[in-house]
Every structure is written in structure tokens, then in C-alpha cells.
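My questions all concern the structure below.
Chain lettering (A, B, C and D) follows the sequence in which the chains are written, and residue indices restart at 1 in each chain.
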Amino acid sequence: MRNKIIFHIDMDQFFAAIEMRHHPHLKGKPVVVGGGPGDRGIVTTASYEARRYGLRSGMSAYQARRLCPQAIFLTPNIHKYVDISRRILQRMREFAERVEPTSVDEAYLDMSDRVQTPAEIEQLAMKIKRRILQTERLIATVGVGANRLVAKIASGMNKPDGFTFLPPDRVIDVFRDMPVGDLHGVGRATQAQLERLGIRTAGQLAAYPLDILRRIFGKWGEEIRQIALGQGQDTVMVPEELPDEKSMGHEHTFSQDLSNPAPLLGRLHLLCERVARRLRDADMIGQVVTLKLRYQGFITRFHGRKLKDYVQHETVIYNVARILFQEIYDHRPVRLVGVNVSNLTSASGSGQLTLFPTGLRLMKISKACDQIKDRLGEKAIGYASGIYDTGSRSSSGYPRSSHRKNLLYRPFHGP
Amino acid sequence: MRNKIIFHIDMDQFFAAIEMRHHPHLKGKPVVVGGGPGDRGIVTTASYEARRYGLRSGMSAYQARRLCPQAIFLTPNIHKYVDISRRILQRMREFAERVEPTSVDEAYLDMSDRVQTPAEIEQLAMKIKRRILQTERLIATVGVGANRLVAKIASGMNKPDGFTFLPPDRVIDVFRDMPVGDLHGVGRATQAQLERLGIRTAGQLAAYPLDILRRIFGKWGEEIRQIALGQGQDTVMVPEELPDEKSMGHEHTFSQDLSNPAPLLGRLHLLCERVARRLRDADMIGQVVTLKLRYQGFITRFHGRKLKDYVQHETVIYNVARILFQEIYDHRPVRLVGVNVSNLTSASGSGQLTLFPTGLRLMKISKACDQIKDRLGEKAIGYASGIYDTGSRSSSGYPRSSHRKNLLYRPFHGP
Amino acid sequence: MKTEKLCERIEVIALFQKGKLSPIKFRWKGRTHRIHRIHGDWATQEGITRFHHFAVASDGPDIYELSYNESTYVWQIEGISLIG
Amino acid sequence: MKTEKLCERIEVIALFQKGKLSPIKFRWKGRTHRIHRIHGDWATQEGITRFHHFAVASDGPDIYELSYNESTYVWQIEGISLIG
């Protein structure tokens, strides 16, 4: 099978770039979108000029002002950024049928049918960049690879206003000296474990004996090795492939932001019960469970997983949702929690296997998760990159470093 | 109980007036809205200048052109008239809480709480006329009386740009010499019967011995005598009192206009079945059955009746719908037929009597209708004026003379 | 009166005042027509899209019907009533 | 940069061209401001009502945010970013 050609398009300093476009005198100045009165709140985007002073997304406004007292702080206008994002996606859809936004400023495009040669790839990337510049006066960086992981690594290599194509034969070269901590999905706990084995680069990880990794990390050991080899998901999902009417969900907005996860999990359990009841009433079962979390400052994250079997019972849905929650929760105050079950099919007519709460598979899954958590610490279970992880934010919303803790661990896909 | 004060507001030569406003050079010319290429179609509105040549609503365009070759024919723009009608209704609602449009150019307003003396009534009528003139540059005629019948007679007495108030003590004077054929609801068959008795005016009808009328016409005899006395419905219904969600209906648009009533009734039966099925599924019963007919040229008529008992079964609904159909069908080609059941209530929880197809009441009703038809001819059963007769058109759509055939006969309200 | 049906896009300059939209001039077939009088306006609906129509006079006796699509911001000349 | 939040009705003259709406000038507090540049525009939604927003420059360095309600035809000045 031929390799796919995946584009990762990342808008450079998106929120700050929009504000600089709307307020041209800000160009070339250290601009911070985020913060608030009295230096409360966090930085969602820092302009490149501000980054020179060490300012980063996710930093507190207080710290940002200390590092760069002359920085200009702007209140974010999320609705504006979302609408401009929508228009940029429309532009992208002129070039590709399969466009999957993974956040307000990032998208994957499947260009496998459009281009083949490196020259064609570069030409197309430049064309898209030009189109976005002409229509929106905004600058994008494009990374291209045979899968999403490589495309994203590529777009991160040459920013801003960059273009990088990493053909399969260059991936090993590029990955060789990359610190393992830079691999998407490898978190601090895994990194520490690996460093104790003398593994500091992706190249060293890729070359490490698989049986030792497997012994230490279990199935996860195989997966991080695949990441180190530049192997990953190459499917680009179109939002329409998850139609609304084929899903059932409930969400809850708290009257005040919750800092404690306990009442949040309690609410999540209730939401799972309501979804399960609706599924039962409709005689439906679903294959995808998606968790929605909205943090303070309107930063919304979706995190979902396609299961091998179908679910309907609240205990199963809650168990999956709780795992998803643990994978992405970063202890910031939460405003909204929601759960959604999609890829629905008729329960009676489908002949599909349903996960029951007492089922052996679920026990195994939970056990496997617990084992990993015991071994690597609570934060080790990152979230799955891939088709349902549509809400990850990199240049704004929360620290990029936390984004790098994603891992490809998929408990329900194991053999 | 104090008399009510009902305003009937009638827009003068509505369609023609709008076109003359939009095309000022047409003012003072014989203008006809309606007709079509090659003189097919009918006149929906003739301007007063055209009426001087004998042109009338409902006349064929061919005949109109023969009577007045210099007439200017305009294609109707129904959507335009409907929107301007909507705006005029908004203006009226500034003056009254209860505004009931009965067609695109007519409405009843209940002013009982606003005015009392004749001076107040005249002042208010002038204010409404001025408001409509100022905002829409259109002229209205206002008739005022203690009920809808009198208000409508009053507005017809002084047109265009008129105002007439008929206080109860003047009604008998005014009605005395009015030809019985001019009474709303008295059709040609009834008129002929009455004339055989020597009754030519409303005054004569009002003074006629009731027992003889009753012997000849049955309950209908009492009702036409009430009309002749200027007695009638004084309730003004607000459209919101018949909310959409409390009704179930289906309609069908034919691919070509139907001249033959047989397939039309067949379709009506199917529609009644579908409505009945939905009622059964929702465990609902309804008290009002409304028929919708759209003739060639977008002339839509609604004709409904509030029943004493509730219906759910298709046979009952169809029987009512068929009667309604016979009451208004005038043998013009039909484009659309629809049926609607409203005033819904829960079937199980209501303790309401439901009409079943074998029920004695229905038999009686059908029989009573048939008897009247046998005696007075097919067209004798006119349609009920009153709260559900919201689609009757007078100055356009079909001949005014047919409008005068309405009668207050309500078979389901009998003792 | 002859009415010519059209359905052509036009450019429009319009005034927004007190929640009212009034076209001031329109450009059609390379010519600019200043609107001297709005004889009337009305709204129509197609699906969820609302249209606002205007019967307007420019130089000369002819009446132009213009329409404005509230969602797409597209103005069209819908027809001309040719007088005389 | 200081941003002053406002929410005041304004009168606007605008150009409709190729399905695009561009404000040309606006009248606010008795003064007419000619729009020299539209720095950006975006849409928002409240219920079923769509709003179109514009970041515009007039004389002087300040940036005005204008909004247009597509259903009511009401324009507002939403805020001014005071420069300097």
C-alpha cells in the first residue's frame, strides 16, 4: 500500500495574529492574548515578539507581566477567533476533501490523491499558505508526512511561516536525535523511566530491544517504540462523518468553576446514566465514547475513543468516560463536563457485541489501566491521539508541554 | 352583560392599492390584479376605477377585458401582499390585544375595554386609519358593532375610506330594508325559499313568525332569524390561542390542479387516516377539524368547526372534513387539500367524550346534513362564520357573492 | 404597463438608519442608478432565508424591484415595470 | 492599548458588492466618521440571529468595532481601541 500524504496546517500565533491584523499598530510588539484585570488569568497566545521574553501559552498573566512588563495584554474574543477559524477551514476545503480540524488553529488534510512528488507537495503547500494569506491576511505553517504524527512534527520544525516535508526515508534521520520528551504522547513519567534505561533520544528508543521495553511498559512499551519510529495514525476524519443524529450526549455547566475533581466525577456519572437511559429507550448501542471538558477561559477539549465493542450500560460508559477524564484532566478549574456516545447502531438488529459491566473485557481494561497508573503514576495515561481527539490545543489554551504527553495507548484496541 | 365593541377593519381594494402605491402612475386608472397571459385566470382585485366598468373580484380576466379594454392587468404577488398584511396587523396590535385576521385584508378587533362612547369609538377608528395610512400609505374602512356580523355590515356600508358605527339601537333600522340575500350566510337557495314566503328584507325575516320558519327550515330557521336581527358571534380570537403544537395536520399538493372532486376526496380520506394515526400514536383527541383548500391562483381557504365532542377515528374526521369540503367547494380547480385536527387533549386523561364512527351522534349529524341538503339543494350548507373560518376572502380570491352564502349553521352544536 | 422579469446581481449603496435599510443607489450593467424614491418594501422567506424587497424609482418613470438576501448580502434586480 | 466597551446605535452607509457588506461611513454622537480601512470582519451568532462584526479605522489611529444585526438591520458601535 502506498504511503498517505498528510498535511498538518498550523496557524502561527493565531489569536495574537488576528488581533495584530485588526489593530495594525500592534505589529512587531510583544502582544499577549489572555490575562485579565489585576493580572489574573492565563496567557492563551503570546506573539513571537513576546515569546522572546520567555512568554508562553499557559503561563499566568502575573508571571508574563513580570517577564515582560511592556507586553500589551488583550482580552481574548473567542467568538471572533472561532469564526475566522471557520473561514480558514472553508479555504482549506477548496484544496482537500478530507479536512479535520483538531483545534481552532490546527487541521489535518489528507492530500494522498492530490499530490505525489515532493515538488507537487511543496507547490500545494505554498498555494494553501498563499490562499490563507490573501483571504485572511494570516500566516500558516505546513508540515507534511505519511501520518499525523510525522506531519505535526514537521510543522513544528520550521515556524513561523514554514513548510517542512518529512518523507518516510527522512523520518528516522529527523527522529534520531529528538529528545524522547518531544515525542507526542511521551510524558514526564515515561521520560524519566526511559532515561533510567539510558534512552534520551527517539533514535535510542527505536533501537532499544523490544522485549525489554515490553517487560517494563507492557503493551505501552511497543507503542512508544512505534512513535519513536515515526509510525502513527494516518486517517483524516471529516466532521460530517460523526453526524449529530447518530450520537447521544448530555453535558452540564457548573454554576462556578470546579477545582476539585470529586463532584465533577459525580456529575459525570449522572450524565452517563442519562445517556445510557436514552440508549436503552432507543434500543441503541454505541461504539465511541467522547468526553467534553471545558476549562476556565472557554478552553474546550474533546477526548474520545472508538471501542472494539459496543456499549449501552451506564457502568461501562462511565468507566470509559472516567479513563478519558484521567487521560486529559490537568487540574485546572473546570466549568463544563459532558459525555457523548456515538457511532450508534440498533441494539437488537446489529448482532454486535455489547460490553456489559461484568464483562471480562472491561475488567481487563480497567485492570490494565490501573496497572499502568500504578507503575508510572497517575499522569502516565495520556490521551489517545487520533480520530476523536479533536479538541487538543497547542498554541493557546494550555501549555504545549502538556500536549506532548499524549500517547497512542488504546486499551480497547488490544488483541 | 354589557355589549361588546367589535371593530371590523377592511383594507380598501387591498391588492390594487398596494400595486398603485408601488407604481404611482397607476393611480386613478382602472387596475386589475389577476388574470394572466391570454386572458386566462380570474380577477382577484379590481380598483375602484375598474369597478365603475362593472369589473369585480372573481370575474374571468376574459370578461374583465371585454368590459374594460383599457384596464391595466397586473400579476398578483401574493407574498408581497401577505407581508404587508402582516405589518398592518402589527399596527393594529398597537391598538388592541385581540386582533383576529380573517383574511389577508380584513380583521376583527375587540375594543370593548378601550372605548365606550360613540365619540371615543370614532376617535379610535380614525386613529387606526391614520396609523395605517402613515405607515403603509394604504386606506382602510372601519365598521363597528356589538358583534362581528354587525361590524362587517357596518364596514360594508361606507366604502372606501369609511367609518360606520352601528350601535345596537340602530341595527334594526339598518337591517329593516336590507335584502335577505345580503345577509352573511343566506345563500341563493335560502333566499329563494324566503321569497316564496314573501320575505324579501331582513326586517320582514326578523318579524316573521318563528314557528313557521322552524317548521320549514328546522334549527336553521332560528339561526337565519337571529342573523336578520343582527345577532351573532362577538368573540375575537387571537391566532396564538390556536397554537401549532396543539394540532395535527397533513396536506397534499397535487402535481396539477384538480377539476374533479372525486380524486380530491380520495386524497382527503388518506390525509384523515394519517392524522388519525398520529392522534392515536400520541394518545390525543381533538375538538376542532379544519379543512384547507387551495384553488388555482394561490387562493387558500380554511374552513373549520369546533365539535361538541372530541374526535380521533379517521372515519369521524373524514366525515367532518367531507362536510366542510361540501360547504366551501365551489368547483374551481384545486391545487392543495389539507386537514387539521386541533384543540387537542390527552385521550386517556381527559374523560372527554370521543366520537366513534358508529356513534349515534355522528349518525344524527350526517343525517341532519343530508336532510338539509335534500331540502335546500347541495349548496345550501354554507360554511360557518365564526372563529375558525379564518380564510374567507372577500375582495379577492373568489366572488363576494359566494362569501355572502356563509351561514351560521353549526350541526355539531345542536342540542 | 409592461413588467420585465430579471434576476441579476447588482451592487448597492444603502443607508441603515433606525433599524431600517434603504438603498441609495445601485450599479447595474455598468450604470449607476440613484434611487429617488422607495415606493414600498416587503419581506419574503424561502426556507430560513429572508429576502427584503423594494419597489424604487430612479431617473425616469420606470419602477425597479430590488431584492436583498439577508444571509448572503446579495442584492438583485428582480424586475422593471416599464411605464408608458 | 485601552479598549472602551460601548453599545450604541449608529447610522451606517454601506456598500454591497459581490456578496460582501462593507461599511463606508457611520454617524455616531452627531459626527460622521468615514471608514478608511476595514482591518477585519467576523460573524457571531446569538440564538438564530447572526451578527457581522467589523474592526475599522477612520481618521486617527483608533480602531472601532462595529456590529451589524442581520435580522433587525441595527448597527452598533461595540467598542473603541484607543491607540497611544
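Throughout what follows, a residue touches a chain if its C-beta (ideal position, glycine included) is under 8 Å from a C-beta of that chain, and two chains touch if they have at least 3 such contacts.
Since this is a predicted model, take the numbers as computed values, not measurements.
Asker: Can you give the whole-Å distance between the Cα centres of subunit B and subunit C?
Answerer: A distance of 35 Å separates the two centres.
Asker: Between subunit A and subunit C, tell me the centre distance in angstrom, where each centre is the average of that chain's C-alpha atoms.
Answerer: Averaging C-alpha atoms per chain gives centres 49 Å apart.
Asker: Which whole number of Å gives the spacing of the CA centres of subunit C and subunit D?
Answerer: 24
Asker: On subunit B, where are the residues touching two or more other chains?
Answerer: Not one residue in subunit B touches at least two other chains.
Asker: Thinking of each chain as a vertex joined to the chains it touches, would you call that graph a line, ring, star, complete, or other?
Answerer: It is a line, because the chains touch in a row without closing up.
Asker: Show me, using the given definition of touch, all chain pairs that touch one another.
Answerer: Pairwise, the chains that meet the contact rule are A-D, B-C, C-D.
Asker: Residues of subunit D touching subunit C in their complex?
Answerer: Touch residues, subunit D against subunit C: 11-21, 24, 50, 68, 70-75.
Asker: Can you check the complex and tell me which residues of subunit A touch subunit D?
Answerer: Residues 18, 21-26, 72, 74-75, 79-80, 83-84, 137 of subunit A touch subunit D in their complex.
Asker: In the complex of these two chains, what residues of subunit C are touching subunit B?
Answerer: My answer: residues 1, 3, 39-40, 42-44, 53, 55, 61, 63, 81, 83.
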